[in-house]
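First up is the structure itself, then whatever we jot down about it.
As written, the chain order gives the labels A, B, C and D, with residue 1 at the start of each chain.
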């Protein structure tokens, strides 16, 4: 094997940070090379440099021994570098085909749609990435969007493929599929840079691992010679607890009771069908399922963001299905929505303002309609400290924080209000191990304090390590509710895929 | 210019004295390009400058609130005569003329009567409107390639305001006086600076049978004349002689001699003959009139028009300035 | 600190560039730029009456600008403030002349409040509800409603119910009890300026210190997150367009009661359009609106003076005003010059 | 009413009044599809209207007048693009600045070049075109034949624009840039260049619209003769959901309402009430159609390429 890509001493300085500080990296032909690092370690920055989006302040890039001086992504693409970005670079209103061929359209004038579709069908067949070229990207699930991103790279004949946190939003099945593809590519001699925060994934798929910390590469290891604990410690620079320590399960009274709930989506299709379950105080109820099986609709119905068709939602013994969202918050329900930037925060509000996004009308923060900023700032400085939000200047706009810290704002707001019921959707998506550790700790503290938690996650590992009971949803139906201790990965996986494991469920 | 130079050199001594006489002109928001009274007043001012040798200056107002400011500016700088163009400036002139009793003011198209230092020029445009109406009514009975056999004429107004309506009222009465069966279409475009809509408005009237269209619409009227030319019918111009715009089409124009009024007032003021109060400009003192018709208009019709002109002058015919619905 | 400094010196440098380009145009067309700018400045600030008139011109721009800024803060583009201004002016005038025997302290507030309500309804009822419930774009609805308002004023004045008996299409004069008194005699500066300044402080307080403002801004930045936070998004859309209309309506009434004293038949006041630039230039900050309104008012009064005293034709003053706005907006041109300058220096050093 | 609807002038006025709205609306579609809000179309129309007359007068050819107008219009558009795209200035403020500039600049040039009495009357006009066969069909012929050449040009441009925007690679790229410039850039597209293209096209179309006013419908320029059409075109473009046919449809609706208000002038209703018709009809249509118009996602948002 010979070196495909050599990164030598790359430094990139942003106004406030040295995002890359003398980075070195070598990627061989046909290898899968994982990059590990905490949030903000500089991984994405490095990838953007390789892809020609950023210009490094110093250092050198070599591709197949030839020095690269990229003036922009178009040149990187020409040289055979493809990249799937951490935040998807897709255009929702365009079709799959249009997204894929954009910038390298067959035909030109006129743009040959038929040819484009043909080419895409061909590639998707070759790589086993089935997709409908005429579908609008906005109608696709996250997993399929990912597929579009990957197809984009193949369409341009990439020989080096960069995947920046591709699995953060995938279901376990989708992740497995992706790994299959990656292995096939590797056989074809394509090199892959794979970024992930998930150590088990890195362990499973990569040949080599390079760990970054604070803009520097701290070492490259052969995957088979290392273990998860070592990688975690190297990444964070300290000893990390990987196992969750959970106290005993002591369920209390029923806090939330859902009975025969049916919810429709925008097209009037039943997305939640006759769902019933209960959550008690002092328990974490995990809801496992593949994305798009009704979780979103269920949660929105619970929060009053979506009308229900039929059924009863009882909270502490009173019906709440008619209450507007705000009233539900007032009753002590908290909510960590799935998309922190679009649903959880006002990016152009300060940290302090975001911390009162649901309580600004509360007498604690406003009097006669006037917001008491002294109180608001007191609250902010307390929360910033308590939840380790960085930077600590709470007058900064939320949009200026990294994703991890944005999530901490939401956590501080939703957990900090000591809710009786917390609905948390994907609370750790895209977080590094350090941050995940922290969030898990907070959730467990809340549970031990007697709150009820509904945890929705695509991350089986997370569901299994935190939940006291696990409900599995498939196609709008809760297939089964399992005991957290005895549930196995396989069992849940099968339920998620829609197969009944025993006749018990059918009888009920 | 040669003529001007010679006339200037003839009265150099006179001019030196006249140069100290300062005249300021404030346009309304229509600006000097309005193809209407602002422009004519400006022409009068220019004439006074070149022929009388007075010092002349003007400001174009951009918004309502500029009127007081601009009038005050001239008054403060000791201008002898300040001309305010347009009835919109009435309040402003009343206010500023009170504050500067030593400055003389002329306001066009208004009726301030109670100030010793304010003259108001009022134009009896219903009279010239009447005359071109008579001409149009009579032409309807003629036969030529531009005239159809429907008995319809049209007027396109800008906004529905008195200086426009007096023309239209006169026109209606004039037409009816000689040809009672004629249908007079009256439309307004709602603006003075949109010739495109003026053209379509005129085309609409022409499609309804009008073969003579009179416009009282400032720059919007450019479109009316263009439409008439395109459809090979007659147009009648307004304010100044607009025949130059389409020599075979504009059969005559109703004249409102704001330039004359301006020039005369300047001259009178210069000669210490300033008359305050209402000053009427009508057919009798040649303050309004009609432009020389093109040769398509038979002499017999012109004679008839002049007959009516005399009747108006001697008071036998009284022309109303109220538009008939 | 450097941020504050930057936010001040950038626009100033931009104005300087606009002035230089304006000078070139004037020189090319045979005018003396020094005299022109001197008289522009004197016209705007040279004497007490000039300052007063500049302030007076700023009043409607400040108040309308506040209205536009409220909508922008809520993520809405109220391009029809002009029409709401007219509605306010109409109602203010009507109350001003038709109510007899009221003391001023009732008459003036009555006229202002009625105008505010009318402007608020004009901006809120149709554009607001249409936006909130059918998604109809507010740029279309407010613009169309604006034209309707202007034609409505023509209808009222041109031989309509509000025309003063006599012959000229204008309303009767408002009664003395409705007149907002003048501060500096022989100028147009009335106590309307106080209303404008109080309004600016009020809007600042409303948008940044109250629950309402918090909600409107949240909805403006991110409707989805606001909905998730339990806010009533449609209500806030209606509210912000209504408030926007309320201030535009107030501006119309203040202008009538303080300066014009009656309604004239005219095409546009132009304030509604200038107010958009005023608000944007102020980055929709209510306090900033006061200063950017002053800039435009100064350009307005100064340019009238410039016509007379530097003989610069009125149209050329528009050209220069346009240039100044252009370069104030494109203030990054300064950075461009800076980098050009640096490059040159580098090249010099290299050679 | 039947009589009015059967008057061919109603329909040809509809077409004539729709043309100077549809052209800038079409231009705006390109600009906004690429992510730049162009409120300067009003000013560009006005400037183009003036230079169309000036060049037509100087060269004696209306066609060269049109060419000159288009060149000047595109120059102004490119200056706008430079400030809006390269310098990332606020697009609405810039647009307003250009409109104020245009109003003063054209009036100033009008006076200094032609004096106060207006542009020369011998200025050539663009021809009206008779369409063979169609012209002989009663009623239809009177509407569809004999219009200004610009009307036909506009119709061709609408089809061409639709084709360009939705069936060519460049069109796809322009739309991508207006939706998500970052994504477009990562696909190797030059965002800045395409935004310049979008704005330049809006200059081109607005300029043709301006020339139509001055040398298509007429053969003269008068001050502020664009009369706010650039703004109404903006509304038509939004109403038309940022598509060429939609913009044309909205322009036709507005043109129809205007033409109808002209026909209704002789009714007993107050003229000023009748003149509200186009505006009220537009609002009603918009609300009635339930016209949720969603702009391109990155419309009006300046983009700074990564460095």
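The working rule: a contact is a pair of C-beta atoms (placed from the backbone, for glycine too) under 8 Å apart; a residue touches a chain by one contact, two chains touch by 3 or more.
Which protein is which chain? UniProt says A, C, D = ABC transporter.
The model shown is predicted, which means the values in this text are computed figures rather than measured ones.
A.B. asks: Going only through chains that touch each other, how many steps at minimum separate chain A (ABC transporter) from chain B?
C.D. replies: When the steps are counted carefully, the minimum from chain A (ABC transporter) to chain B is 2.
A.B. asks: Distance between chain C (ABC transporter) and chain D (ABC transporter) based on Cα centroids, please, to the nearest Å.
C.D. replies: That gives a centre separation of 27 Å.
A.B. asks: Taking each chain's centre as the mean position of its Cα atoms, how many Å separate chain B from chain C (ABC transporter)?
C.D. replies: Those two chain centres are 35 Å apart.
A.B. asks: Need the CA-centroid distance for the pair chain A (ABC transporter) / chain D (ABC transporter), whole Å please.
C.D. replies: Here chain A (ABC transporter) and chain D (ABC transporter) have centroids separated by 46 Å.
A.B. asks: Counting only residues that touch at least two other chains, what does the list for chain B look like?
C.D. replies: 31-32, 160, 190-191
A.B. asks: Enumerate the residues of chain C (ABC transporter) that touch no fewer than two other chains.
C.D. replies: In chain C (ABC transporter), the residues touching two or more other chains are 151, 154, 158, 313-315, 318.
A.B. asks: At least two other chains touched by the same residue of chain D (ABC transporter): list those residues.
C.D. replies: 107, 111, 272, 275, in rising order.
A.B. asks: Could you tell me which shape the graph of touching chains takes: line, ring, star, complete or other?
C.D. replies: other
A.B. asks: According to the definition already given, which pairs of chains are in contact?
C.D. replies: A-C, A-D, B-C, B-D, C-D
A.B. asks: Write out the stretch or stretches of chain D (ABC transporter) touching chain A (ABC transporter) in their complex.
C.D. replies: 163, 167-173, 175-176, 179-180, 182-190, 297, 305-307
A.B. asks: Under the definition above, what is the set of chain D (ABC transporter) residues touching chain B in their complex?
C.D. replies: Residues 7-10, 12-13, 16-17, 20, 107, 110-111, 116-118, 121, 128, 213, 217-220, 222-225, 227, 258-259, 262-263, 265-266, 268, 271-272, 275 of chain D (ABC transporter) touch chain B in their complex.
A.B. asks: Applying the document's contact rule, which stretches of chain B touch chain D (ABC transporter) when the two form their complex?
C.D. replies: Those residues of chain B that touch chain D (ABC transporter) are 31-33, 35, 39, 42-43, 160, 185-188, 190-191, 193-197, 199-201, 203-204, 206-208, 219, 222-223, 226, 230, 244-246, 325.
A.B. asks: Which residues, counting only chain A (ABC transporter), touch chain C (ABC transporter) once they are in their complex?
C.D. replies: It comes out as residues 303-305, 324-329, 335, 337, 342-349, 353, 357-358, 360-361, 366, 369-371, 373.
A.B. asks: Could you please specify the touching residues of chain A (ABC transporter) with respect to chain D (ABC transporter) in the complex?
C.D. replies: So the residues of chain A (ABC transporter) touching chain D (ABC transporter) come out as 48, 51, 53-55, 72-74, 76-78, 83, 85, 88-94, 98, 102-105, 107-111, 113, 152.
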